[in-house]
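Got a structure here, written out as structure tokens. Questions coming.
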Amino acid sequence: MSYLPYALAAWLFVVGLYGVVSSRNLIHLAVCLTVMQSGTYVLLLAIGYKNGGAAPIFRPTRHKAVDPVVQALTLTDIVVSVTVVALILALALGAHKESGSVNPDEIADFSG
Amino acid sequence: MKASDILVDVFLASGVIAQLIACIGVVAFDDVFDRLHFSGAGATLGPLLIGARACTRNRHGACGAAHRFRSGRGDGRRTVGEMIPLQVVIIVLVGAAALAVVRQADPLRQTLVNGFYGLSLVVLFVVFQAPDVALSMIVVGSIAYPLILLVAIARVRGRAEDTTDTDKQ
Amino acid sequence: MSTILAFPVALPLVGAAFVALTDDWTPKAVKEFPAMLIAAATVAFSTVILVRSERTTLVHWFGGWHPRHGLALGVGFVAEPLGAGMAVLAGALVTASLVYSWRYMEEAPRLYRVLMLVFLAGMSGFALSGDIFNMFVWFELMGVAAYALAGYSIERLGPIQGALNFAITNTVAALFLLFGTALLYGHTGALNLAQIGRSLAGHHAGGVVIVAFTLLVAGLLVKSAVVPFHFWLADAYAVSPVPVCAVFAGAMSEVGLFGIARWYWTVFSGPLDPHAHAVRDVLLAMGLVTALVSAVMAFLQRHLKRLLAYTVISHVGIALCGIALLDSKALAGAANLVISNGFATAGLFFACGVLLREFRTVDELLLHGRGRALPFLGVVVALAAVALVGVPYIGSFLGHSTLDEGATEHGLRWLPPLLMLATGISAGAVLRAAARIFLGWGPREDSLLTPEPPDEVPETQASRPVMVAVTAVVVLIGIGLGFAPGLEDRSEHASDRFRDRQAYVERTLDGKVRRYGPPAPVVLHRAKPSSIAYGIGALLIAIATAALGLYRRRVPATARRAGARLLDPAVAGLKTVHSGVVGDYVMWITVGTALVGGVWALTLHGP
Amino acid sequence: MTRQIRLGVFTVAGCGLAAFLLWGLAGLPGFGHYHWPYGNVLNQVAPNERHTSNVVGAVVFDYRGFDTLGEEFILFSAVVGVSLLLRKDREEAAPADRVRSDPIMATGAVAAALLFVLGLWVVAFGYVTPGGGFQGGVVLAGAFLLVYLTGGYREYHALTPHSPVEMAEAIGAGAFAILGFAGIAYAGSYLGNFLGIGDAGSLYSGGSIPLLNWATAVEVCAAMILLFSEFLKTYVIPTDDWRPELGPR
């Protein structure tokens, strides 16, 4: 049981990846990327968790606390995820304007 | 469990419910403005209530209480099965929600499911004793994502008035 | 005074904010200068770091959080010559691009300049950082700037497709990096490279280490575009504005390779050294396949930017071979190769920009013979092609010869001829295009070449003299590096230090300063006869390839048919695989990662 | 290559990748057994050394403040990138912006004001309680968004004129980087803490952490507003008698 959170992280990662590969809509694809990214949030936080630990906020008392570093990393991670979604959506709007489609399989302008 | 503990859990629950209603509203209405109203309601009430819960010190929350209860039984018997049932339930919930998000091909419905998924992640983060991260996830999941996603979807589908026509074609 | 290490990152970032803030008020005549000056100043700082780091490794702890009892609390930058050299290369190319794009961008030039500066900061940060999560941050920063720059010409579908493929594949790559980073953190409790390296050393590689290594390497292989992770690159480079392409080609792909080398030697060499052969075999195989396949793909293109994009991939493959040998000499060769090819390829992209300005197309067949009006540019392009070939003592020859010596020392005598073949074919494609455009040789039609949508629109009203001058200067730097006095010894010395994990760890965590002697007196090495033979061989292959591309019809019909029967299915297969669909690309990334991971899981495990 | 082939190959490779990841994850210490010195030492020393009670805040703005600098600029360049990519994507012919009833607008104004105060609170106490520049900045931007939702695009546009918001974003991002240089000047290292660390638990604690925190808040709030504006501009339509300049700048 104590590996369940890690398994969840791997699950989110691979399910998100599946969504990216199978997506027929760029907006859908962007959301799938966030699902994949949330796998890394879960992994980071699970690694830093300590049984019986509380949040690393010490006011007014000192107590056993979980790792603050992974939380800081996850905060950065979330910002990254927002920016990537915004950029992909902006590109998707452009694709829709130019080709009338947001299906990644249909907007292939060139290949080879 | 003290009265204050119960109170903060009530905050959490009502925040979640507010978010859920907002999500349903987003899907129930066709017009992007009406949808945004609901996501706006989610953007205010949800963060307020869930944030209130996240900001209260977590030792007094459900997980902290559970842990005190556990460690009261003695540290000597710690085994691998250290996780508390709440964590297991939420982990399974997050996993299922993620699958639902990916499998939902329609972007608009996916936004709803994604809102629910974001919420379940928030709860998971609270359980993992990461209130800062939970707060970030709330503000991102209820303010940033819905707006840009809904506008993009609306733009791609055409305006609400002619949505139905283009869909039928 | 190690604070100088902050400047190559902080200066362009402040500069980007400054340009974003003041650009609207700046008089039109001087609008372009702040960004240029900031980029130039960044190069100056990076160069000072490079020079100083030759004597001793520089370390800077941000926020003053020095390690306590070997425990790194904060984020540190660690500069040794290869990393600092990478920062100088990135800075030099960005500066050249900004000068080149003087009045180049007709629209939104302000946003372009801001993004270029941010992009520079990201590359410098990645090259100098000594902290694995911090490297992820800079990786993502250069990614975000690069995706937007690639999609600059949004009024056409091609750039949107290219930028989307670029953004999605590279985001997946970044997540691979992050997952690997998290695994390492869970396994060692550290994010500082030196500290991770120290705690992994002396243990056998377990599952965590192997998986983390695979994910980190796979993420960077996507960035540096190694087969089968390379698909996005041609799409993105073909459509980006020319000045952006030059920086992408000259520095961004190479940054990925640098990261692989950095992580292998500072983090993983401890547990993986007993199995170095397995690491070597896998990377070498990927490098070789990359070099050869994309050289052929380059030959099949008529869209010049796409052709150059495939030569970039081919060079990346060759440089990866140099890293894969896991040896100082070969690493030095790879480093020299990256620098000279980087400048030469950037110069070729710049030349494309001049053609685009003059003739509004970069289609080789449409440009047939029209380049005769630009003889000087023709000479520059020919010189760049020669630099890519590595004709003895010119351009990339130094890199090739050092790499060849490294391969021979390892007993891999079959490697240099194959690399020669790849170099020859890709350079031959460039020569063919140059001959067709600037000399008007060969037919105007060629059914073999991939047709491209006629999409190029004039991008610019920029001044041609500035563009040609920058092109010439960049190409000359690429050629001249082959003659740089003492570069061979210095780069080998730097590679030795780069591979010395012990010294790196002690310097970073324990503050144990080592002084390195002044660079040895300049000795001119005579190249080995074999290297000279390979250089000449590559030139001959290039000429033969170019001739074949131009005068295929003069080959006797029977031979042609036999060749077609043999090669056509392969060519068709290659073209099908490069489908332009992002779902396929991500699928290939997954397949590649799973395969590499599987091989390493079987071979790296255990004592 | 057909979709079926792609999905088929992916299924095989994806299962392989999943198995591979699980194999690696199985080598980690079990969930809940974090025992590394990095986090534990920071939990020990940060409250004393920085007088911040929220150690995550101290890590974000001090110990690993340099990561946050990068993160700020990721957001900054994403906004620049989005405005670059959407510069041509403007709605041209369009129906009118909806005008809403007065009670809704009044309620919205009150709610927006409340949300704004909440945002300020989240920012201000970020290094004392959960919260901080990023979270608070997004909430602040959410307050402006609420003005749009209950008032209309016109009110939103009036409250968030493009140029000043853009300047605020550049200033917020630049301030973070410049505070780093102040660290070089006064503390000998980039992003060094050059102010006294103050009393624990108060708003004056943490040295330069509050400054960085507020710089982040300004940057994030402005960046989010710009992001919303860019996306809204592709959809929202002004009324007939009123058109904001929507063109690229």
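Order as written gives the chain letters A, B, C and D; numbering starts at 1 within each chain.
Quick note on the criterion: contacts are C-beta pairs under 8 Å (C-beta built on N, C-alpha and C of every residue); 3 or more make two chains touch, one makes a residue touch a chain.
These numbers come from a predicted model, not from an experiment.
A count of C-beta contacts for the chain pairs C-D and A-D puts C-D on top. For subunit C, the chain with the farthest CA centroid is B.
Subunit D has its Cα centroid 32 Å from the Cα centroid of subunit C. The distance from the centre of subunit A to the centre of subunit B, with each centre set as the mean of the Cα atoms, comes to 15 Å. Per-chain Cα centroids separate subunit B from subunit C by 42 Å. Of all residues in subunit A, those that touch two or more other chains are 2, 4-5, 9, 11, 13, 17-18, 21-22, 43, 46-47, 49, 51, 53, 55-57, 59, 65-66, 69-71, 73, 75-76, 80, 82-84, 86-87, 89, 91-94, 105.
For subunit C, residues touching at least two other chains, in rising order: 133, 137, 140, 144, 147-148, 151, 154-155, 163, 179, 183, 186, 191, 579, 581, 583, 587, 590. Residues of subunit D found to touch two or more other chains are 3, 6, 10, 14, 17, 21, 25-26, 28, 30-32, 35-36, 38-39, 42, 54, 56, 64, 67, 70-71, 74, 78, 81-82, 85, 88-89, 129-130, 134, 227, 231, 234. Applying the touch definition to all chain combinations yields A-B, A-C, A-D, B-D, C-D. Of all residues in subunit C, only 3, 6, 10, 13-14, 16-18, 20-21, 24, 60-65, 68, 71-75, 107-108, 111-112, 114-115, 118, 121-122, 125, 133-134, 137-138, 140-141, 144-145, 147-149, 151-152, 154-155, 163, 179, 183, 186-191, 206-212, 214, 576-577, 579, 581, 583-584, 587, 590-591, 593-595, 597-598, 601 touch subunit D in the complex they form. Remark: subunit B residues 57-59, 64, 67, 70-71, 78, 80-83, 87-88, 91, 94-95, 98-99, 101-102, 104-105, 107, 110-111, 114, 117, 121, 124-125, 128-133, 136-137, 140, 144-145, 148-149, 152-153, 155-156 touch subunit A in the complex.
Contact residues on subunit A toward subunit B in their complex (touch as defined above): 1-2, 4-5, 8, 11-12, 15-16, 18-19, 24-25, 27-28, 30-32, 34-35, 38, 41-42, 45-46, 49, 51-57, 59, 63, 65-66, 71, 74-75, 78, 81-82, 85-86, 89, 92-93, 96, 102.
Contacts from subunit D toward subunit B in the complex involve residues 30-32, 54, 56-57, 94-95, 98, 111, 114-115, 118, 122, 129-132, 134-135, 138-139, 141-142, 145-146, 148-150, 224, 227-228, 231-232, 234-235. Against subunit C, in their complex, subunit A makes its touches with residues 9, 13, 17, 20-23, 26, 29, 33, 36-37, 39-40, 43-44, 47, 69-70, 73, 76-77, 80, 83-84, 87-88, 91-92, 94-95, 98-99, 104-105, 107-112.
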